[in-house]
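Each of the next two complexes has chain A plus one more chain, namely chain B in the first and chain C in the second.
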Partner chain A sequence: MLTLDKARVEFGGLTAVNDLNMEISKGQIHSLIGPNGAGKTTVFNTISRFVNLTSGNIKFNNENILNYKPNEVIRLGITRSFQNTELFANMTVMDNLLVGLHPLTKKNIFSTMLHLPSVRRIEQENRKKTIETLELLQIRHLEDEVVKNLPFGYQKMVDIGRAMMVNPELLLLDEPVAGMNNVETKQISELLLRLKHDFGFTIFLIEHDMSMVMEISDFVTVVNFGKKISEGVPAMVRNDPAVIEAYLGGEDVSHA
Partner chain B sequence: MEALLQITFGGLIFGSIYALAAIGIVMIYKTTDVVNFAHGEMAMITTFISFTFLQMVGLSFFVSFLLALIFAAIFGMTVYQAIIKRVQNAPPLNQIVVTLGLFLAFNGIAGLIWGYTPHGYPSALRGDSFQVGSVFMSPHQLFILGITLALMILFFILFKYTKIGLAMRATQQDMQTSSLMGIKVSQVFNLTWAAGAILGGVAGILTAPITYLEPSMMIDILIMGFAAAVFGGFVNLPGAVIGGLIVGVYSNWVSYYIGSELSVAFVFLLIVLVLYVKPTGLFGAKYVKKV
Partner chain C sequence: MQLKSQKLKYIFNSVVLLFIIVYPFLMNMSGYWMTLLVMMTIYGITAVALNIMIGYGGQISIGHAGFLMIGSYSVAIIADRFELPFVITLLLAGIITAFVGLIISFSAVRLKGHFLAVVTLGFGISVPVIALNWTSLTNGYSGMLVTRPAILSELSLYYFIVGCTVLFLWFMYNILHSSFGRAFISIRESEIAAQSSGINTTFYKTLMFVISSFFTGMAGGLYAYWIGFVGPTDFPVTISFLLLAMIVVGGMHSFYGPIFGAVLFSIIPHFTDEFMGITNIVIGLILVIIILFRPEGLVTIVDWFKMNKTMEKADTISKERGS
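Take a look at the complex of A and B:
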């Protein structure tokens, strides 16, 4: 589904992503792990087209992503959440999710002003979709809250919800449980498994919570200094000496 | 008391025009991060265009008004695409120099085309003034209030309920994330400059009948528009409207009770006092924009 072919990103003299080869298969939860500064978010930024590759290629369903602008990537079926919830802080939860529907909303200013039946139908459908997403995330009660007033854990959920709005083929989640407590982490883990099983989402996950990664991932890729050092099913990666050494300095990965 | 009511009403009329100018300035700043000092001169050119349709082509007031606003939209987008886009990410000082340069350029071009002799500009609604209670009001004053109110409602609906309004609000807060949500931010910038130029154009066309039409007609309005914008918090559209009305009424009071030559000075004295107490303006909050 998504293929990184010798993807390389250099910032001045620093190589953030070093000839990375990866293949993400449809319907899987594929995690990308590594120490801080390993280049994980840069990989997401290249897929989102915010960062240009120095060399290499990225293909999604055989389409060359590099031919697309950042605002066109969502139309390919790829959405993402952010490490530091890049939400529209002064807007309500409902409006944040509606912005996530922007590419699918077909109404112009004139039909809106006249409040034509087609506009009313679109508004009803959008609202229904938004409420379904809020209920799935169990945050329906927050729909009219202004995002900046919410605790960080709820903001993370809104961030994930916004990325889910267009039913993407590939959902990129950057540390979705960072700052969450155990109960919230478990809730997000269950949500991601449900998105995979019930909705057929493919999820590309960056996460530091190793328990969660090992529990829900189908496949794990490990990077360090931008270079892939291991990949495979969680049980294999967990016991890979290279991972234990590079990632944890000798500790057991499952207890990170 | 009767004089106070009359002066206050007159202040609300000017305040409406300041509010229209302020909304355009704030909207452009909030979305594209550019303080447009040429806003008034763009409005003046739009007013001259409407005058050309009205007097030289012989079209009716409302047809000329609508055609001029279409011109304003195209003019705004052209200025953004041809000039502002190039300096959008430049240091603020460079942007200020560019928009001040446009101010002088548009002023000079208007003088070259239409001359510096003041022209009379007809009112949209003609007729005698009438009295409501102790306040005398003219049809044109009511037209100004009506148009201002209609535009406020229109822009409220635009921002609150339309797809492009949602995109504009999102882009105002975070350009990069908006782009990732599939929003064409360049289109949002174009539309913002178009909308800003339309609002300025309306302010110009409403001003001309109560002052005169000449290349420097909008300088006072621009100054008061900026005052209203700062008063309201500069990133807050309702604040700009309320700021405009307060500035209009207050400056009229100063003109009547102290002296018209001191009205601008007293307006800015009030603004200094407000900013001393509340540095973000009356309705402004600390605003952090992500780019």
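Take a look at the complex of A and C:
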């Protein structure tokens, strides 16, 4: 589904992503792990086109992603959340999610100006869809809250919710449970599994919570200094000496 | 609760509209008082249009008086050279101004913050200079007379301007409370998140410029028809700063805020003009006080009243439960 072919990103003298080859298969939860500064978020930024590749290629469903701008990637069926939540802080939860529907919303400035019935109908349909997503995320009660007033855990939920709005084929989630407690982490894990099983989402996940990664992932890729050092099913990666050495300095991954 | 607030808003709007309708008769058809209200409507349209860019889109502009001037001169020139129906003339003024806005936006959308401010300021300064020096088109320092449409008396022109104001504000309200408005706000809040949500930020910034300049141009056109004259000193760059002050004082994150600001700053000169030079001092003082004590603008006073009412209600309920 998504293929990174010798993807390389250099920032001046620093190589953030070093000739990375990867393949993400449809319908899987694929996790990308590695120590801080390993280049994981840069990989996300290249897929979502915020960072250009120095060399190499990225293809999604045989389409060259590099031909697209950041705002066009969503039309391919790829959406993302951000490590440090990038939300519309002064907008309500409802409006944040409605922005997520932007690419699917038919717009005409003249009918909008005249507030024609077609505009009202589309707005109602969008709100209905947003409410369904809020219910799925179990944050319906927050729909009118301004996002900046919410605790961090809920903000993360809104970030994920916005990325879910267009029913993407591939959902990129950058540390979705960072800063969350155990209950919230469990909730997100269940949500991701549900998105995979019930809605057929493919999820590409960056996460530091190893127990969560090992529990829900179908496939794990490990990077260090921008280079792939291991990949495979969680059980295999967990016991890979290279991973234990590079990532944890000798400890068992599952206890991290 | 929401229904009640909508009902209150509806009643408030109706009372204001009724007042504006009977206003000429209350003021004995005085040209001075009617002009005062017309200027409120013109500044009201312009301030809301400017706020599309600043308050909603986060794109600074301190040259909007330039668009007002282009709109007013467009009406003067078209009315002088072509015998077109005045509504068409007005619409053309809006389109011409929007076209200029489009040209400015090509460079402006690539700039942010103070760089954008400088470009728009330069535009605001240039327009009066061009109007002064392009004498073959604008008649230079002498300005241009604008003939009032023959079918309109002073009173019917007044109602026409009020009608246009209501219509233009309604158009802008609809735009800002739709997916377009959400796209504008999302750009203000986080361009990265907006882009990853599929919003073409360059396109929407351009659209903000075009919409804003279109309605400002129409407001300039209404001004030309009402005053009956346009000159190169009508909209100096200080008017751009005044428009900015209207938005800040009224409340830039609200649709109604700039209208409050426009009304307030249109009334102030009425009380201060007899004291030489004091108008700007008063406006400056109000601006400082608002920034210090109510940076979200006067419109938030309504929220403050609402909050107090809710707290009073909560107190009453807890007392009742206690007893």
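Following the convention adopted for this analysis, the second predicted complex is superposed on the first by the 256 of 256 C-alpha atoms of A that agree within 3 Å, B and C clash if a C-alpha of one lies under 4 Å from a C-alpha of the other, contacts with A are read in each partner's own complex, and residues count from 1 in each chain.
Here, a contact is a pair of C-beta atoms (placed from the backbone, for glycine too) under 8 Å apart; a residue touches a chain by one contact, two chains touch by 3 or more.
Source: prediction; values computed, not measured.
When the two complexes are overlaid on chain A, chain B and chain C occupy overlapping space and clash. Using the contact criterion defined above for the overlaid structures, shared-chain residue A:L76 touches neither chain B nor chain C, since it reaches no partner. By the touch criterion defined above, A:I131 lies against neither chain B nor chain C after alignment on the C-alpha atoms of chain A.
Touch criterion met: A:S48 reaches chain B and chain C at once. By the touch criterion stated above, A:G100 is placed in contact with chain B and with chain C alike. Applying the stated contact rule after C-alpha superposition, one finds that A:V146 touches neither chain B nor chain C.
By the touch criterion stated above, A:A178 is placed in contact with neither chain B nor chain C. In the superposition on chain A, the residues of chain A contacted by chain B and by chain C overlap at 48, 50, 69-75, 79-80, 82, 86-91, 95, 98-100, 102-103, 105, 107, 109, 112-113, 162, 166. The touching residues of chain A, counted against chain B in their complex, run 48, 50, 69-75, 79-80, 82, 86-91, 95, 98-100, 102-103, 105, 107-109, 112-113, 162, 166. Put simply, chain B touches chain A in their complex at residues 154, 157-158, 161-164, 166-167, 169-170, 173-174, 176-185, 290.
The part of chain A that touches chain C in the complex is made up of residues 48, 50, 69-75, 79-80, 82, 86-91, 95, 98-103, 105, 107, 109, 112-115, 119, 123, 126, 162-163, 166.
The touching residues of chain C, when paired with chain A in their complex, are 171, 174-175, 178-180, 182-183, 185-186, 189-190, 192-201, 207, 211, 253.
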